[in-house]
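Next up: some structures, all given as structure tokens.
In the two complexes that follow, subunit A is the common piece, with subunit B as its partner first and subunit C second.
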Partner chain A sequence: MTEEHLLKGWEEFEAGALLFSFEGDPSQRKFHENNSIHHSVADWRVLKPVFNEELCIHCQFCWVFCPDTSIIPKDKKFGEIDYVHCKGCGICSDVCPTNPKSLVMFANQTPIEEALRNWPAKDEKKKENSDG
Partner chain B sequence: MGEIKQIKNLKEFSTSVERFQGGHRLCPGCSHSIIVREIVNATEDDLCISTATGCLEVCSTIYPFTSWDVSWIHIGFENAAAAISGTEAMHKALARKKKGYSDKPMKFIAFAGDGGTYDIGFQSLSGAVERGHDFMYVCLDNEGYMNTGGQRSSSTPVGGATTTSPAGRVSYGEKMQKKDMTAIMAAHRCQYVAQVAPSSWKDLVKKAQKAYQTPGATYINAMSPCPTEWKFDPSMSMEVSKVMVDSCVCPLYEIEYDPQTHNYKYTVNYEPKNKLPVKEYMALQGRFKHLFKPEFSHVIDQWQRDIDAQWDYIRRRQDAGV
Partner chain C sequence: MAKQHRVVWDGNMAASQAMRQAQIDVVAAYPITPSTPIVQNYSQFVADGEVEGEFVMVESEHSAMSACVGAAAGGGRVATATSSQGYALMVEVIYQASGMRLPIVMNVVNRALAAPLNIHGDHSDMYLGRDAGWINLVANNPQEAYDLCLCAFKIAEDMRVRLPVAVNQDGFLVSHTAEVGEHLEDADAYGFVGDYTAHNPMLDPAKPVTYGAQTEGEWHYEHKMRQNYALVNAVPVVEEVLKAYSQLSGRDYAPVECYQTEDADELIICMGSVVGTTTMTVDRLRKAGRKVGMVAIRLWRPFPKEALAAAIKNAKSIAVLDRSCPMGTTGALYNETAAVMVENDKSANLINYIYGLGGRDTTTEHLEGIFDDAAECTKAGKRVKPIIQTINLRGKSLSFYE
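Our next item is the complex of A and B:
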């Protein structure tokens, strides 16, 4: 988005148009310059989710419950986290069913390698709760 | 009528091409976008959406951006249903009159908050349903005017503290009962009326697909936990939604109306194995914090009785088949 574009007047924008469903290869998809996908909300984030590949069971709960479309699945598996649109709400970590969780919230400035080294251990308490 | 998209499990669902993009400015943890994504991704047909003023409209279309990858229209607060009924009538007329106009099946959806449905948009919704337009109306019910700072609406439940029904030494917050919008829409003889919660994604997708396939107006009441004004941590949205379903505060049910026999068919889609007390639902949220003081404990008891009565009523209607 250029500055010149932001200064466009309302009458210079496209008139109402019909948008049809996208067909074809999603990786080749192109977005209109006014699509909010070009806008970053990364500066909203205080905590960021970090993904641990070894623990993931690819259940896609994080994908369906992500409010910001920031979990990008690949071939029915966990693909990657889109840190441009993630606001760090923590829902993905909350709904993750594995023990220990495969998505954990760390401070935004933590490097991913360091986060993976400090991964929380298996939570024994959770098991007791589910029994009782 | 287009083919129903086959969604058996989440892995299959995750291959959907996203139609509501990120980069919108809804609060972190807002359930609105979860519900919207589950609904718009549940079909592959072309969609035309109208949105009433509210959190969703304000946050998803901030100048010069839009988060919608579908045809989208916004007019005013009170006329989401009027706008979509006009669009639907135009689509029908053009398909009939104009050669070369797309005859692909198109689905029409109106999204509105509870302010735009329960209060301000009620007359246009009532009119559009009465005229029998073929559209689906989704109410994203977060129990108040959250976009403007959390004023009460006719959807705010008893005891909820909002900026216009504050809790304090004298008052325990909102005193009016929540309007039963689902029953009101069923009384309009909508052929399909349902209540959903975002945490039960399969139930939501199934109901959305059913509403897409039903001719005539359909209404879906989607309860949408609001971290900002219900005052809980953003990561708890789905937890709150789950407890809401398990405590029967938001029973998942649907009402089908048969215009031939004039019969209502209630179906309870989910019966919680362990029905939780409403106390647990209220304890999660800051807006009910004051009710745990001893002088206001009668409000919680009354809540429990009301919820039990409502749950009992729905199940009795189901069993009786009327």
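Our next item is the complex of A and C:
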């Protein structure tokens, strides 16, 4: 949010409190200053998902299910996590089918390296391809 | 002037025919007495293929207005109808409609609010929505219910306004009373209303937009004042549309209707079906040499302060009629009148009557009594009656604020 936007007078806002996503042609991806892309919700998060590249099969379930489009794919593979907009709901980890999971929830303050060192082991009781 | 057709319609049929002629994209409604026939007639038009738009039968009035908000934000012409408890259930969403500046048209067939439950006419529901940010027009007979419903679309959709409009008519006394009236041909009616122009529609992928954003301390006040600016400044647009409609139909309307006010010493100010009865009473008393007149409020919101000031400028005593129990103060129309008097340094004896609750009859005899009270004040040169009086109430005489 720009300082200028916060100082706008009543007559300068769009009637009906409407917010536009883009400036001009949407295909140019010039995001409007009101667009959520500029607003961090990282502090809503208690847990954060951590990604383990060695385990991922790139099924993209996490990308499909993430309610905040915070799984950013690249070339139809897992790309990165958008930690500015991820609210830590854990759905990505929940739907991850690998064993052990490729996305695991850790406390928000845990450094990524530490999380990777403490990755859970394979669950031997869990049958391969089981949907439980 | 356009060709007209004579018909016998009640207020509900009149409103539904105006809706048919306006070629609405989406009507979402949940029927409730006494507005049920509006929804029923309209659904019949849909079933008979007379209208092309969608009719959405929803599970409650809250859903009806929610569907209207969604459809209007999507970019369509939208209308609905309701009454009383249904209106009350819609209230949360009618504030959303006006706050998002959606030009929805709603026919409100006025009815009492429970408890105790009552299906008959009074203005409790209209007063409930008083501060909701809708333009409110008042139709006093079936002809006006038809005419004002057509005007409502044109007012709401005007780019200088873009606010929802409610067209009020009294339950049963207007909605179910069949009278001879005239209507325009379909092409003329639609030509007057015009094609719908979508403004920032959600269904435009070339310009994605968010409706219903949250605005905390930094913005909320600015947005509400912008909305109020549009509402207050809608008065000249309303006048303009009513004038254009008068040229088309030959029927004149104004935000404040004056009847024999110019030389009147005593005035009744009122709204709704009682306007017809008051007109008759004025005629009767004028024949007997009494200088009485009537001011009917056609535009309840935005309140036409200037026009009311002009209408009452010569009056010595003014009786204001409110068809809703004010619950702990004076009636809302009385309060508006008192404010206009103070703002214009106008002094007159001002008295308030609470009448017609739950469909209680108000006759010419009652109105003559009110003019008599006002005349007593005029003669005494001061207010000699209690501030609030009741009319046709059983039991011991009851008044408030001596």
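Here is the rule we go by: the second predicted complex is superposed on the first by the 110 of 132 C-alpha atoms of A that agree within 3 Å, B and C clash if a C-alpha of one lies under 4 Å from a C-alpha of the other, contacts with A are read in each partner's own complex, and residues count from 1 in each chain.
The definition used in the following text is that contacts are C-beta pairs under 8 Å (C-beta built on N, C-alpha and C of every residue); 3 or more make two chains touch, one makes a residue touch a chain.
Bear in mind the structure is a predicted one, so any value in this text is a computation, not a measurement.
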> So, A:Val95: does it touch subunit B (first), subunit C (second), both, or neither?
Replying inline: first
>> With both complexes superposed on chain A, which partner does A:Glu11 reach: first (subunit B), second (subunit C), both or neither?
In response: second
> Looking at subunit A, which partner touches more of its residues: subunit C or subunit B?
Replying inline: B
> Now for A:Ser70: first (subunit B), second (subunit C), both, or neither, which partner does it touch?
Replying inline: first
> Now for A:His85: first (subunit B), second (subunit C), both, or neither, which partner does it touch?
Replying inline: first
>> Output check: A:Phe22 vs subunit B and subunit C. Expected answer is one of first, second, both, neither. What do you get?
In response: both
> Do subunit B and subunit C touch any of the same residues on subunit A, and if so, which?
Replying inline: 6, 8, 13, 16-22, 26, 34
> Which of the residues in subunit C come into contact with subunit A in the complex?
Replying inline: 99-102, 162, 200, 205-213, 215, 218-219, 221-223, 225-227, 229-230
>> Per the contact definition, I'd like the list of subunit B residues that touch subunit A in the complex.
In response: 10-15, 17-26, 28-34, 37-38, 44-48, 60, 62, 64-73, 102, 104, 198-199, 201, 227, 233-239
> Which bits of subunit A are touching subunit C when the two form their complex?
Replying inline: 6, 8-11, 13-22, 25-26, 34
> What residues on subunit A touch subunit B, complex-wise?
Replying inline: 1, 5-6, 8, 13, 16-22, 26, 29, 31, 34-41, 44, 58-61, 63-70, 73, 76, 82, 84-91, 93-95, 105
